[in-house]
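There are two complexes below, and they share subunit A, which is joined by subunit B in the first and by subunit C in the second.
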Partner chain A sequence: MNPGMKLLLVMLIALEISFTQSLIVNCILIAVSFVYILTQHIRMKALLGIIFWPLFPAVGLFVSQWLYGSAGIHFAWILFTRIYAYVFLGATFTLTSSITDLSLTLEQDFHLPSKFAYGVLAAFNLMPKIVEEVQIIKTSALMRGEALHFWSPKLYFKSILSAIQWSQNLAEAMTSHGFVEDYERTHYKIIRITALDWTLFFVLLIIVQVLLFFIRY
Partner chain B sequence: MDNKNQATTGKKQSQWTLRNIILIALIAIFTGIIFWGAGFLYTALTVALTPFGMAPFANDLLMGLWCMAGPLTGFIIRTFGSAFLGEFLGASVEVFLGGQWGAGAFISGLVQGIASELGFTLTAYKRYDWFGLNASIFTTVVVTFAWDMIRNGYDKFSLPLLLGLFVTRYISTFIFAGVLTKMIVKLLDRSKAINL
Partner chain C sequence: MTDVSINHFTFHYPESDVKVLNDINITFKSHHFSLLSGPSGSGKSTLLYFIAGLYPHFSGNDAVGEIKFGDTNIKDIPREKVSQSVAMMFQNPNQQFAMDTVVHEMTFVLENLRIAPDKMDDIITHALEFCGIKRLRSRVINTLSGGEKQRVALACIVAMDPQVIVLDEPFASIDPDSREDLINKLKILQEKHGKTIILADHDLTSYRNLVDEFYYLDPDTHHINLLDDEQAEHFFKNFESTQTINKKVEVPSGDDNSILKINDFKLEPHHSLLLKLNHLDFYKQKTTLITGANGIGKSTLFNALTKLLPYEGTIVFDGKDIKKIRPLPYAKNVTLLFQDAENQFLNITVKEELDLSLANRTNTDYTQADVDDMLNKLDMAGRDDRIVYSLSEGQKKKLQIIEMLIMNPPVLLMDEPFKGLDYHSLEVVVGFLNRAKKDFHQTQIIISHQLSGLDTLIDYHATFKNQNLAYQEVIK
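Take a look at the complex of A and B:
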């Protein structure tokens, strides 16, 4: 499915289950997403991660709602499954779509100005370098006997200085490669929203509506 | 450093240049990665508080940290939408790093983005001072709290617990999105790296 449509669908459904309270629909969404993820050849580690990590917030919310909530254990279960539904729905997108395809389709099909699509894409592609840079900033501070934590303004200050410098370099690099802001572009890789995408989008969305309408438990 | 912010020199020009978009995205990713390092704190707090049924406090204690990218980018690139974009992208980083929230983080990012943007909108993008920052903190706390009433079932809690959570969230947001942001902006201002 087209990554943009997929993201939109996932977000719409996630938004809907935030406002509705149906334990069974949550479970169905989790099950369907899980089966979909299994068919996509995902690494075992990623799969275990999305099962294990949400357990903390889910159990936390469950217990507090159970002990202090006025709506009883059924509502506690809804919140528990809601967290898993978010994560599994999200995973159907994040584990299967590339950020590059997403920004390409956002630009070509959703008419996002190209400077946003490519600017943000360029920044996201630097993510591994940014992880490294944060480490470098922390280490070089340690060499001066200064420990920087997430509450230290200096850590953010130095990060922003790097961000300023990198943004300048990236923008110049893009311009020198022929990128012109606010100008019509031709595309090497063309991503279209096909009839199949539209059909899938609406069929799935309607199914969720029907389920939410009829299954109230 | 010769990285003078070119966009702010021509006041009439749109601030949405390629360079500023990349800058917002980079700042969002940097802050996203820094709190990613503090992610264990959330899990540890949740584990510690769960037996008492107080796990939502872990969420509210760290809320300020998650809502920092918005005010920060809003303050550095002074135009409509920059706080929203920064906050939203900051939350997206977490999705791609494989956060605990999945699609929930995208939606939280949208809500938090609108929340922190709203503060700057209320001051008509004119007050870039302690007052403007506090407006953004206020809208952030109120909007995100309203959202948690729905999403995390806070509306089913009794009033004292609700008040406790609200105050905790306010303090957290005040410290991280307020005091810390102000200190960072001050450092930036003094360094003359960017024309604020």
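Take a look at the complex of A and C:
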């Protein structure tokens, strides 16, 4: 499916289950997403990660609702499954779509300014460098006798300073590589939203509506 | 024929009266290889950014005067056509790509130039072939070495096929083989493909028989002069003399006085081997100089010594494996003076920076009078309220050195500590370092290309070469 459409669909469904209370629909969404992810040849580690990490907030919500909430254990299970539904829905997008394809479709089909599409992409590709930079900032602070933690304002100040510098450099580099804002470009890889994409999008969305309408438990 | 002519060109940064470029009148000849030299921070980059059409768009304020490509003022070239005339290669290999892989980046470049999609594959293949990096086509850019990234940057330029290529210290952080290879490719582009090459560099290694013209940006007058052969020769000789000192040093042995011991050590970032050591010691209360070509792994070794990078093997500090020492105590004992001074700053003003060092230092060997004296001698007194990021590169370096001396760690690693310092300041700093060693028993390990003026400081010398680091008697 077109990554832009997929993202939109995932976000719509996630929004919907935030306002509806159906345990069974949550479970169906989790199951369907899970099967879909399994068909996409995902690394075992990533798969275990999305099962394991949400356990903490999910159990936390479950226990607090069950023991201290007024709506009972049924609602606690809804909260529990809702967390997993969010994560698995999100994973159907993040684990199976390329960020490059997403920005291509955002630029070509959703008519986002190309500056925005490529800016996001460039920032995404800088992620590993950002991690390194934070490590350097922390080590350098230790050498001045200060331990910076993730809540330390100085860490953010320094990171933002680097980010401003990088974004400037990147903008210059993109310009030097011939990029001109709002000017026509050619496209090597054309990404179109096909009839199949539209059909899938609406069929899936309607199925979810029907489920939510009929299954209230 | 497109000469690049600069006419009555004057520029100063906003909020500064100093004219970085003062009434420049020069012509970079078409099909020539021109070298623009001058000390770090003298304004070479600024001029190149204007020639590449990036300034004034990214600089905030404009310059007086004009830059012409042939008969056309650069300002009259439509923005989408500029890249047909000129392309730029930057100093930092890490911040010139927007996409993830090499082929995606090159496609991005060609799309920007509105090349027909069916022609792109051929252009990309040809450009990669020319740069000798066909094997890198589908590689993720983040996993490439500095030298490889700069080759990709050149491949992008080859694909763009502009008339003029400007390069801003493109070899500052890449290994000697890549450097030589890239220089040869540039020479071919100039001679066989009629490109005009304008390259700025303060490091004059290997340009002597290569360039057609040598321009010098004088840091005092902010003028640029075309040098004749004799003058150029003088600069080349002068540069070589800063890279050598005649001093014989001892080769240390044994481990009686060692403070850092490296054993069965392997440094292999991005899966390319940089350094393999069976055993090497650094010695207490001595100054060890490490020399070696750019991009060979010297700074990476410092990153391993400060636990910024993973490595194989063991590093022992004062009898203890550094992996077993907690981060804060270790950082206070083995401290790095970063190559980029801004990395060291945590606060906003000069006074806050100094106060932080005074508050957090592990010992009080330096008195307030000592600190004031250091500030005076380096002409840094009375700048308490200045914002550190607004200081000149030289001033940042001076402040950084003073604040790290105040911290007075037992082991101080210094990565190019003299970069951007004038010769007088260098002598003053060498005096400070000698004092720290004699009076406060500091161990110092220095990476430096600048060698003249360091005679009195250096005790041992280790050369980084062929993935090995070994002590030598002679310095260069």
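Note that the second predicted complex is superposed on the first by the 217 of 217 C-alpha atoms of A that agree within 3 Å, B and C clash if a C-alpha of one lies under 4 Å from a C-alpha of the other, contacts with A are read in each partner's own complex, and residues count from 1 in each chain.
Definition applied: a contact is a pair of C-beta atoms (placed from the backbone, for glycine too) under 8 Å apart; a residue touches a chain by one contact, two chains touch by 3 or more.
Worth saying up front: this structure is predicted, and the values here are computed from it rather than measured.
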For A:188, is the partner it touches subunit B (first), subunit C (second), both, or none of the two (neither)? second
Does subunit B (first) or subunit C (second) touch A:128, or do both, or does neither? second
Touching A:48 in the superposition: subunit B (first), subunit C (second), both, neither? neither
Output check: A:100 vs subunit B and subunit C. Expected answer is one of first, second, both, neither. What do you get? second
If you stack the two complexes on chain A, which partner ends up touching A:178: first (subunit B), second (subunit C), both, or neither? second
Considering only touches as defined above, state whether A:144 meets subunit B (first), subunit C (second), both or neither. second
Give one of first, second, both or neither to describe whether A:168 is in contact with subunit B, with subunit C, with both, or with none. both
Tell me the contact category for A:210 with respect to subunit B and subunit C: first, second, both or neither. neither
Looking at the overlay, does A:73 come into contact with subunit B only (first), subunit C only (second), both, or neither? neither
Could you pull out which residues of subunit A sit against subunit B in one structure and against subunit C in the other? 99, 118, 122, 154, 161, 166, 168, 170-171, 174-175, 179
Which residues of subunit C touch subunit A in their complex? 49, 52-54, 57-58, 79-80, 83, 87-88, 90, 92, 94-100, 104-105, 107-117, 120, 141-142, 156, 160, 306-308, 327-328, 330-332, 335-336, 338, 342-344, 346, 356-357, 359-362, 389, 403-404, 407, 409
The answer for subunit A against subunit B in the complex is residues 7, 10-11, 14-15, 18-19, 46, 49-50, 53-54, 56-57, 59-61, 63-71, 75, 78-79, 82-83, 86-91, 93-94, 99, 115-116, 118-120, 122-124, 126-127, 130-131, 133-134, 150-151, 153-157, 159-168, 170-171, 174-175, 179, 181
Residue positions on subunit B within touch of subunit A in the complex are 1, 3, 5, 16-23, 25-27, 29-31, 33-35, 37-38, 42-43, 46-47, 49-51, 53-56, 58-59, 65, 72, 76, 89, 93, 95-96, 98, 100-107, 150-153, 156-158, 161, 176, 180, 183-184, 186-188, 191, 193-194
In their shared complex, subunit C is touched by residues of subunit A numbered 99-100, 118, 121-122, 125, 128-129, 135-137, 139-147, 154, 158, 161, 166, 168-180, 183-189
